[in-house]
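Shared between the two complexes below is subunit A, which pairs with subunit B and subunit C, respectively.
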Partner chain A sequence: MNRHVLSMHDLTADDVTRVLDTAESFREVGTRVIKKVPALRGRTVVNFFLENSTRTRISFELAAKRLSADVINFSAGGSSVSKGESLKDTALTLQAMGADAIVIRHSSSGSPLQLTKWVEGHVLNAGDGTHEHPTQALLDLYTMREKLGRLEGLRVAIVGDVLHSRVARSLSFGLVTMGADVTLIGPPTLIPPDAPTWGVQVSYDLDAAIPKLDVCYMLRVQRERQRLEYFPSVREYNRLFGLTGARAGILPEGSLIMHPGPMNRGVEIDSDVADLPQSVIEEQVTNGIAVRMSLLYLLLGSGGVVGAGGQAVPGEVARA
Partner chain B sequence: MPEALLLRGARVIDAAASTDVHADVLVAEGRIDAVGLGLDPKGAEVLDCRGLVLAPGLVDLHTHLREPGFEYKETIASGTRAAAAGGFTAVSSMANTEPVTDHAGIVAEIRDKAADAGLADVFPVGAITKGLAGESMAELGEMVEAGVRVFSDDGNCVPTARMLRNALVYAKAFPAEVVIADHCEDPSLVAGGHMHEGVHSSSLGLAGRPGEAEEIIVARDLAIARASGGRIHICHVSSAPAVELIRRAKHDGVRVTAEVTPHHLVFTDDDLVGYDTNCKVNPPLRTPEDREALRAGLADGTIDVIATDHAPHAVEEKESEFDLAPPGTIGLETALAAVLTHLVDPGTLSLPRAIEAMSVAPARILGAAGHGRAIEVGGPANLVVFDPAERWLVEPPFASKARNSAFTGHELTGRIRHTMLRGQLTVADGKVRD
Partner chain C sequence: MSVAGTLLDADDIRRALTRIAHEIIERDKGAADVVLVGIANRGDHLARRLAAEIERIEGTHVPVGVLDITFYRDDIGLRAEAPEVHETRIGIDISGRTVVLVDDVLFTGRTIRAAMDALIDFGRPDRIRLAVLVDRGHRELPIRADFVGKNVPTRRDDDVRVHVRELDGDDAVTVQEAAAIQEVHR
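On to the complex of A and B.
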């Protein structure tokens, strides 16, 4: 069973459903005046962030604190190696400090998996390089299920720089597991050549896809990648692959506009589109806390595993 | 150490003479004194070699000994220990040392240190360009006079067609056959890449090194060799299209040889799924189809040599993030067993052909006089004796200073029993002599 949260590939449909159901019971905690339950009192969660990130770190920090865990933030620009200490030595240090769970964000793909070889505690991947960002995918799945009532059969387009996007990977894998119908759309230079092996469709024509979508999920354009000549200009990118007001107008009634943030308004998404009623970008952020509470609770507060074997949230814990 | 040794009853593989017989081999004063059945020991110590295979000592065309400059990874002493442990009597030493092996002084220094260590003969490979920078030619002539026969910029692909062309043409000046060896991956296509670009790189989120990067440079190098009449060697071939290009060029009479590593013959990009940094190598491990083409190319003689690309790194360098870990796996101590287990035992390669590719052919290219020779009276006693049936688990510690073996945790069949350099046992009963 999964002692860690590393990749959406590790989670079955039942596992995902359990995480989302558990998140549902924690969602209410965030609406109270006193947003705290004692579920993880005395447990230590380390936010081990080796790559700049504000929103994900704060979301994890809030999630752990609302469960009454002790939270340590360990941040460093660049890799541990660049400071002269190896990832392994840093990991062993955190271990020696009694970390029950380590939330790791790192610019190197695969580093959370490597961490599991060296530490006893649970490891949660908060984004590794261009590999995966499973907690983002789970909060996105939560948001889609909450708004549209299901995941199976949903028609979802993930639009933009898929090649360099850990969000696109995790979300694709998760949606495919849940039976959704996924299309990756973007400049061919930014779609991995082997992406069809993920069980998704690939298209280079956003306009053809738009009228049939339940969810239009826009990825952030990494401006620095532009230098690498993947596409000619931001202007041309916006013209071909941006969610403009005109395109948003063609989206079917009731469909959702999503974005993992931070947005480049005017590049992948026009400013007024980001503020449309069907845009659920802020709700994604709110749901992120509940989903991360769910994961921490399932790993630390119940059976120690995500999925079968973990216990459902006892009513008194959620209500306490 | 006795003056004479009788190796009794081994299966003698003489790849140079294409014979495969059971015989006794008597060694005295560094040379083979007699070969035959039921030899009289005449006072020599007798080593019972029944059930074992005796062959010319192995020769490695692609070894990183790391000295001078990177003694924390490996030294000439520890690297030749690893060589002896793996049945090698001669190894090359690649030029990416610090300072770079791009002039005769460093060549002499490496030779002297190797002579002191005494566990395997070392044949330095010279750099093609000064500082491996790809810009101006190193003093090839002076290094040829110092005995160098193979030139390579190692992990750096010779960056321009013009530079490679000049080196191939210039090398024709020397009476000895001088070989220009190239790491064939187009630099612009592999920059920032960490593994084969394919199904796994896309889902692991690792930037890829596409197969066509190799195909492009192999085609370039072969075209230049064809037009210039120069002598090119393709290092560690890894992809099916490159094998086919070399096959056609050989058919056309282009002066080309090629090598393949045991790890490319055994592993594929499937083995990267757990982010095992020991499987991070350049060129990268590719697909099962590529691996099949490499095996076929070796069997039909398109690929001449099995070379290890033994690339030692410190433990802490490999215990890092995948993208930050340096590429390379050690290979001297597992090469023969890997080939026996994965190619000879399944019937892909005959044992004499394997010995030819691991001893005779590399000795010829490297100019390693006295190695890879026929097992005949009067010849130098550079020999290996191994048990073709013993199974063992690859695990640290190694004779090498390093432990970054892609084979760690794998079971292999075939174990070195004795290695003999000029009649002296460098390995006796599986133990390296110091």
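On to the complex of A and C.
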């Protein structure tokens, strides 16, 4: 495992398998009466969220607390960031307070990478601009593997606003690493021009793909990141690329409907489709806690940097 | 260069487990309240065999759980890699029961300390006892076993290994002496 989790490109297939296997044990912890283990007692995890978030922030907070780490939640409003303190100065402050791990969400792509240059602790990317959201991808991979028994060879469509979606990027990279067969589907204006270099296929026809899918993954239309001219109207978007009741009826038996949330019901997914039995949107949320526990445990539970030779750097071990 | 010496073979292990099963029954005059909890990765297999023995001898069905102590270790963050995690499945309320922890080798006692902390998170047993196949000494904590298959004097850096057929294909306890280990490494 790398020292930081910034991108799904940081994780090999073996790393992903290890994270998912370990997450399985943490799922069991989540079913106990006492949902807490002492694994990370005395470590400090800072949730540094400079962009709005409900599920990711709460999920990371719960994950760290269930590992007995101390958690500090830190957001733009109510902190010195609103007084104009720079990212670097804020990061150095967190560093000075002894953060062992910093979970960062930021509207600028690449800010987690920037952060790694200033702090000594582990950095986990909880979503940066339109770049990546690796923990979402991992919880999605976990959910697919749990429900369908494998990842290799799965036929997955990622549908909608791929252009603005860090989830689509991370999930595509992760699925390709694990040997799945990925198709990005959306209006041509919302498919990034470099998508063919990701190792995925691109299509503009959802109806043609639907009957052959194992997973239909719907993306949120990110109206806050969009200019208005990407598609003519919400109604047309829904008609061409929304998961309607009729389309859900054509999905093969046993296939999954997924969505990273928050949903725009009636836009990318019809309200009653989101509540169908094959929709695993709530399980995704539950699995997110276990997957984030797994990542925090694997990162903070190791004694230091593991170099190319698999040897710990002695100074790091001593420091821990 | 010496190969690993065998401390217990398959028959020895079978006899030791049979004796421990008798002792568990004798200690509490029956096995009605007993729950066996094996510590992953080998204690759980030994616990299942003990349960089968107790059922054969006494006719009492004894529940078996498996406990992974990784999250309760005292050396997390001291090793290069985070320790590998195994399954935990208790499957029964242990409150008010007699829990017999089962492990393959008793050494420093740190695993058992972690196991007791883990157990308490699942309930409040009336008592916790400890059964081990091999006690090799060198305790670092004030912990002792209630039921022991064999006491083996070892040097601190000897390598004691328990094989169970479910995982390793054979039943055996071997010891490789520290001097021999160094020779192999050289």
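Heads up, the rule we're going with is that the second predicted complex is superposed on the first by the 290 of 320 C-alpha atoms of A that agree within 3 Å, B and C clash if a C-alpha of one lies under 4 Å from a C-alpha of the other, contacts with A are read in each partner's own complex, and residues count from 1 in each chain.
One rule holds in what follows: a contact is a pair of C-beta atoms (placed from the backbone, for glycine too) under 8 Å apart; a residue touches a chain by one contact, two chains touch by 3 or more.
All values derive from a computational prediction rather than experimental measurement.
In the overlay built on the shared chain, the residue A:Leu298 is in contact with subunit C alone; subunit B does not reach it. Contact with subunit B, but none with subunit C, is seen for A:Arg166 once the two complexes are overlaid on the shared chain. In the superposition on chain A, A:Ala96 makes contact with neither subunit B nor subunit C. When both complexes are overlaid on chain A, the residue A:Leu40 reaches subunit C alone and has no touch with subunit B. By the touch criterion defined above, A:Asp194 reaches subunit B but does not reach subunit C.
Touching of subunit A by both subunit B and subunit C, each in its own complex, is seen for no residue at all. On subunit B, the positions that touch subunit A within their shared complex are 197-199, 201-207, 274-275, 316, 319-324.
Residues 9, 79, 81, 86-88, 106, 108-111, 113-114, 128-132, 166, 169, 173, 192-195, 197-198 of subunit A are the ones that touch subunit B when the two sit in their complex. Every residue of subunit A that touches subunit C in the complex is listed here, in rising order: 21-22, 24-25, 28-29, 32-34, 36-40, 43, 67, 297-304, 306, 310-312, 317, 320. Across the interface of their complex, subunit A is touched by residues 68, 70-73, 76-83, 85-89, 117-118, 121-122 of subunit C.
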